[in-house]
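Note that the chains are named A, B, C and D in the order they appear, and that numbering of residues resets to 1 at the start of each chain.
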Amino acid sequence: MAGSSLGIIYRITTWGESHGPGLGVIVDGCPAGLSLNENDIQTYLDRRRPGQSRIATPRREADAVEILSGVFDGKTTGAPISLLVRNTSQRSGDYSEIAGYYRPGHADYTFDQKYGFRDYRGGGRSSGRETIGRVAAGAIAAKALSEFGISLTAYTKSIGPICIDPKSFDRDAIAETPTSMPDREASARAEKYLEDCMRSYDSSGGVIECVIDGVPAGLGDPVFEKLDANLAKAVMSVGAVKAVEIGDGIEVSARRGSENNDAFRMQDGKVVKSTNHAGGILGGISDGSRILLRAHIKPTPSIFSPQDTVNRAGEEISVSIKGRHDPVIVPRAVVVVESMAAITLLDALLVNAGAKMDHLKVIYKN
Amino acid sequence: MAGSSLGIIYRITTWGESHGPGLGVIVDGCPAGLSLNENDIQTYLDRRRPGQSRIATPRREADAVEILSGVFDGKTTGAPISLLVRNTSQRSGDYSEIAGYYRPGHADYTFDQKYGFRDYRGGGRSSGRETIGRVAAGAIAAKALSEFGISLTAYTKSIGPICIDPKSFDRDAIAETPTSMPDREASARAEKYLEDCMRSYDSSGGVIECVIDGVPAGLGDPVFEKLDANLAKAVMSVGAVKAVEIGDGIEVSARRGSENNDAFRMQDGKVVKSTNHAGGILGGISDGSRILLRAHIKPTPSIFSPQDTVNRAGEEISVSIKGRHDPVIVPRAVVVVESMAAITLLDALLVNAGAKMDHLKVIYKN
Amino acid sequence: MAGSSLGIIYRITTWGESHGPGLGVIVDGCPAGLSLNENDIQTYLDRRRPGQSRIATPRREADAVEILSGVFDGKTTGAPISLLVRNTSQRSGDYSEIAGYYRPGHADYTFDQKYGFRDYRGGGRSSGRETIGRVAAGAIAAKALSEFGISLTAYTKSIGPICIDPKSFDRDAIAETPTSMPDREASARAEKYLEDCMRSYDSSGGVIECVIDGVPAGLGDPVFEKLDANLAKAVMSVGAVKAVEIGDGIEVSARRGSENNDAFRMQDGKVVKSTNHAGGILGGISDGSRILLRAHIKPTPSIFSPQDTVNRAGEEISVSIKGRHDPVIVPRAVVVVESMAAITLLDALLVNAGAKMDHLKVIYKN
Amino acid sequence: MAGSSLGIIYRITTWGESHGPGLGVIVDGCPAGLSLNENDIQTYLDRRRPGQSRIATPRREADAVEILSGVFDGKTTGAPISLLVRNTSQRSGDYSEIAGYYRPGHADYTFDQKYGFRDYRGGGRSSGRETIGRVAAGAIAAKALSEFGISLTAYTKSIGPICIDPKSFDRDAIAETPTSMPDREASARAEKYLEDCMRSYDSSGGVIECVIDGVPAGLGDPVFEKLDANLAKAVMSVGAVKAVEIGDGIEVSARRGSENNDAFRMQDGKVVKSTNHAGGILGGISDGSRILLRAHIKPTPSIFSPQDTVNRAGEEISVSIKGRHDPVIVPRAVVVVESMAAITLLDALLVNAGAKMDHLKVIYKN
């Protein structure tokens, strides 16, 4: 099925396998007239690149992006933007062994069941490298959103049992710590925890949080295209995510209404909320306050410890996954979650342009 | 925007406001040849009906469904199935007051911001009655899925701090307790808790869990149309849901890979998993084991306790929400979550029919 | 498949069979704030109603439309607009005979092949009554377009060999002649021709032309969502249409470039074209001049003359179609073609709202 | 808007400009397990390549296709197939002049109106080179269709006033004549006609016909997704097409029902039609007989003769289009029309897989 696309107006289509010639994305529906160059995109891609610290895989890939279409004289033209990243560091030999069995926690078995066979090299289409296209499209979305005063910030909230302290929130630390945590002290502890995981041939999960500021009230639609529903889909579609929360998320289920409702009040002549348990979305529509979401990421399934599984011949075997794997996906997935949020937000902003006659009459004034 | 539809092949479009002439749904893409009558649908609608216990609003509406198209000689014809439920118990007078201000926790403010005005009667389009269309479409989906051996069971997992004990799981209790809990003892405690909430003019949140059995491996697509991503969207699009978990959900973020991976093994000549932390989905595709998801529901925002808010004139006021409201949404939302899961599953099953040449050659054999 | 919907932002979903309880349409994505009442829609529906002259079937159906949702205080709310027309004049007995065989020129055989059986009453879903939903949705689209200075006029260009004389074009005649021709003299001749067809138990085809004025330049997209491509689909999706032309249509294939190109020139400070062979669309995008299209309609397939066919048992038989049938579909299809054009135009106008940053910055000005 | 995609299940997304780095297409939703290599696609691309005769532009481009994803071990994997053709022969200098004015018959003016500016090099996105992606996707579709016994044949039916004689139909001549006519004698006359056009600095239009054999009954949907409606859109979305006919097309409007209806009869135990005025489609659904369509193509708008137009400064000027241009688009567009038909057919075939419970039970048998 044509399941490689996302979005209604700002619509992205990713393609590519980890060990084919390359990966990329078509961004269709980007408004014309947005300043854009390859560096805008490369900056984002560099944030998801491996090989940047001892807690990441030692693979080194430039992941240099090429804009193949849709930009002219430094501006988007309204035509589809095709972005290409060539694969340069594939070592297919690493993976030939896994062709024959099903790695626990991976999609090997389900791909075989669905399609009858699979491109087993490096996970093929279910590789983490598929997120290259998402991040490239997210970079463009974030650039467009910035023109409307909307900014996104994602970061690691926790790794295994180590959680940041919101009171120590340090925005600069996100880019400067190997964990992408906005808390240097927590980051140092998380690094130690990950080293311990690696020593025991194991891996860790974690939580990513994303905040979005400057979103005008009115984005998102009331029923199935709720802004939170689309954020949930976009974020849950990232490989290892097993739960998505909006605002106070899972905590609301144990609360009473009097605790959970956000009172409205006036501030500088504008309607604001006194609290933001709702995470900036009411009835599926942005309410003008900060949007907040969290993604729960499972531990890297590829671990060196021996595991029980079966092979394609139906024999029970024990395997120990070799190859280059991060002990935690979370730090590199931070920019992926931020990108998925940006893509969703921009699409909602574009879709909302036709929501009322007043908007349209301004555009189509005679 | 055309945001009232969901699904690719099994595509539903809901319409209607709580205080208009009626509500309904068009189910397009239902395969021809499915036995269907109004009772199949009414049974589901009756599960979401109010007025069935002291912990639910005393409104009594028959919510009788009429099939207007798409069924002939007791079978679906392949044409769109139009379902209509007339509103019979509207008391618009109850709501005239709220036209002028923004109820905390409701979508009044965001609708006004988005559209410039709103149908304020009973929440209009953001009313819980919008779920009538979802449940009617879910009933048909569940009936179709049952023909392939797939069954869904949703229930209340917790209300406020009261959680069921999985060891006491009693399937019959779901339909027999006013809380829709599969644990009569926990249900009794939850009822007491809710009575306490009502006495303090307050409300409660809760958690709904849904299990799906009999799903063949191979449903769902690898990238954006992952089965878990679509389940997350479908369930998050239900009014009061603030978090969605798949399988072990939020717990995976604190785990190690060796704890979280599900080993494969052979059983009766088939590949199975020894555990099911993944909740039946690997890489976005069903793996043949039980699918499990949870929805976290916020407390009913309409409470009698006084709350601070602002009116349309921009004045800060204090309000106490009148009208008929459930102290907890959860028990009535159980069938809604089950319906959203059924709709998503059936669509995935239909979409998957064209996934491989082998399938197609069986259908189009010469 | 979910094939009962059309449009991206202004998205309509029709449902209903000719002999079920009723027919209707959901109009989703209509901008909020458009004045709308049932009369706006009824006026259009009345134009497609049968029983208005001796060259139309003597069935008399009120086809009274009911707005079930999406309108509040006389204005669209942004919510889906559900429209219902109850069937009142079904005589199922008329059709029981055709259950067993395949009418030439009808969809009986193809429905049976596709779905395994069919609702044979009055053609079921392939009945001309399916266009009720189209026309109702077209009425709303036309009303919205009129707010932007866009108007549509469709009329009968020819019936059988009788063609209007463009020099005698009389707009009032469209509504006043039974043929919907804008030429009273040609209409009189066409009526005679149709009476002759009826006397010989036969029927006639014809051509409908539609002109659209006031369309701003810039609507439509460059590749697959070309405005002419979408008009072609919308119009070809009407039952009996076998060809669609844009502008000079089929005539361009015999021309030279120097004859066919439209020169640009200035008029009142605006760019205009000296001729309009292109029919108002260049490269799939409206160019600001009049849009013009034609639909070629086949003769009513239901004729009283005996015809050869086969029955469901595979026996060759001769049949003579009974029941109430128009000798020509064209006059009643005029409003259907106009409606399909309106639906397509409004969708293109809404989609175009997000085409460039300049538009968006006007809407989302800080 | 995301207008660069077409199809529901077999969904293609084209990208690229004539003078950017390259052009391509993503084919998403191709079933897994189809044998495919670059040569399958190159064969089709070579059919649309320029520089093959004296009646075509002397540009010579290899248009070598590279498969970047979606194929493994010589078979499609179910993942998106990304195809890239690098541009190698751009001479941007040729086009700098046209940046400042609007070529008659081209999309220069409408792009400027829609997007505020345009990539003026070689027509940018509205260049005929955009069809490279369509043809590449069509090659894959045609290969898949051939596995179900479906074959497509398109050819030039007429150029200017020169029409083929159906009695002299010679299938081999299509590939062997420079006009792609299946009639060598007519082709020779058409070449002479085109040489005359070139001498007078002019160009010619023409007609392309496409026949599709082996289509099973049942493809296409009854309302908006009619097979003929989708064929009309697909074909009308090709640059220079101004009219689309199905079956006898425009001729039906002057006919009587008794002439136009196709009688059913039995042949070898199967239901067949005695004639095929309908062109293989009844009620939007394939009827098992040959599908036939025609596209009317306008003359190449780029001609050397002087033409009146305006420049971006709003001054009336006279221009003579330089550069390398075919005097007729038709021969090279033959494979484009065939490709669009193949894409539409395959999508209809895939969509139909879920149309009835019987099909699904075969696939999902327990």
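Everything below uses one rule, namely that a contact is a pair of C-beta atoms (placed from the backbone, for glycine too) under 8 Å apart; a residue touches a chain by one contact, two chains touch by 3 or more.
All of these numbers come straight from a predicted model, not from anything done at the bench.
K.L.:
Quick one: which chain's Cα centre is the longest way from chain D's?
P.N.:
Result for the farthest chain: B.
K.L.:
Pick out whichever of the two, B-C or B-D, is joined by more C-beta pairs in contact.
P.N.:
Of B-D and B-C, it is B-C that has more C-beta pairs in contact.
K.L.:
Distance between chain C and chain D based on Cα centroids, please, to the nearest Å.
P.N.:
26
K.L.:
Whole-Å distance, chain B centre to chain D centre, using C-alpha means?
P.N.:
Inter-chain centre distance comes to 44 Å.
K.L.:
So the centre of each chain is just the mean of its C-alpha atoms; given that, what is the distance between chain B and chain C in Å?
P.N.:
38
K.L.:
Which parts of chain C, given as residue numbers and ranges, touch two or more other chains?
P.N.:
1, 3-5, 8-9, 14, 29, 32-33, 78-79, 114-116, 125, 222, 351, 354-356, 358
K.L.:
Which bits of chain C are touching chain B when the two form their complex?
P.N.:
Interface residues on chain C, with respect to chain B: 1-5, 7-11, 13-17, 20-24, 26, 28-29, 32-33, 66, 68-70, 72-73, 75, 77-82, 84, 114-119, 121, 124-125.
K.L.:
Which of the residues in chain B come into contact with chain D in the complex?
P.N.:
8-9, 29, 31-34, 78-79, 144, 147-149, 216, 222, 349-351, 353-364, 366
K.L.:
Quick check: in the complex, which residue numbers of chain A touch chain B?
P.N.:
1, 3-6, 8, 14, 102, 104-107, 109-111, 113-116, 125-126, 130, 158, 160-161, 197, 200, 202-207, 217-219, 221-226, 228-237, 239, 242-250, 252-266, 269, 271, 274, 278-279, 281-288, 296-303, 305, 307-310, 314-316, 351-352, 354-356, 358
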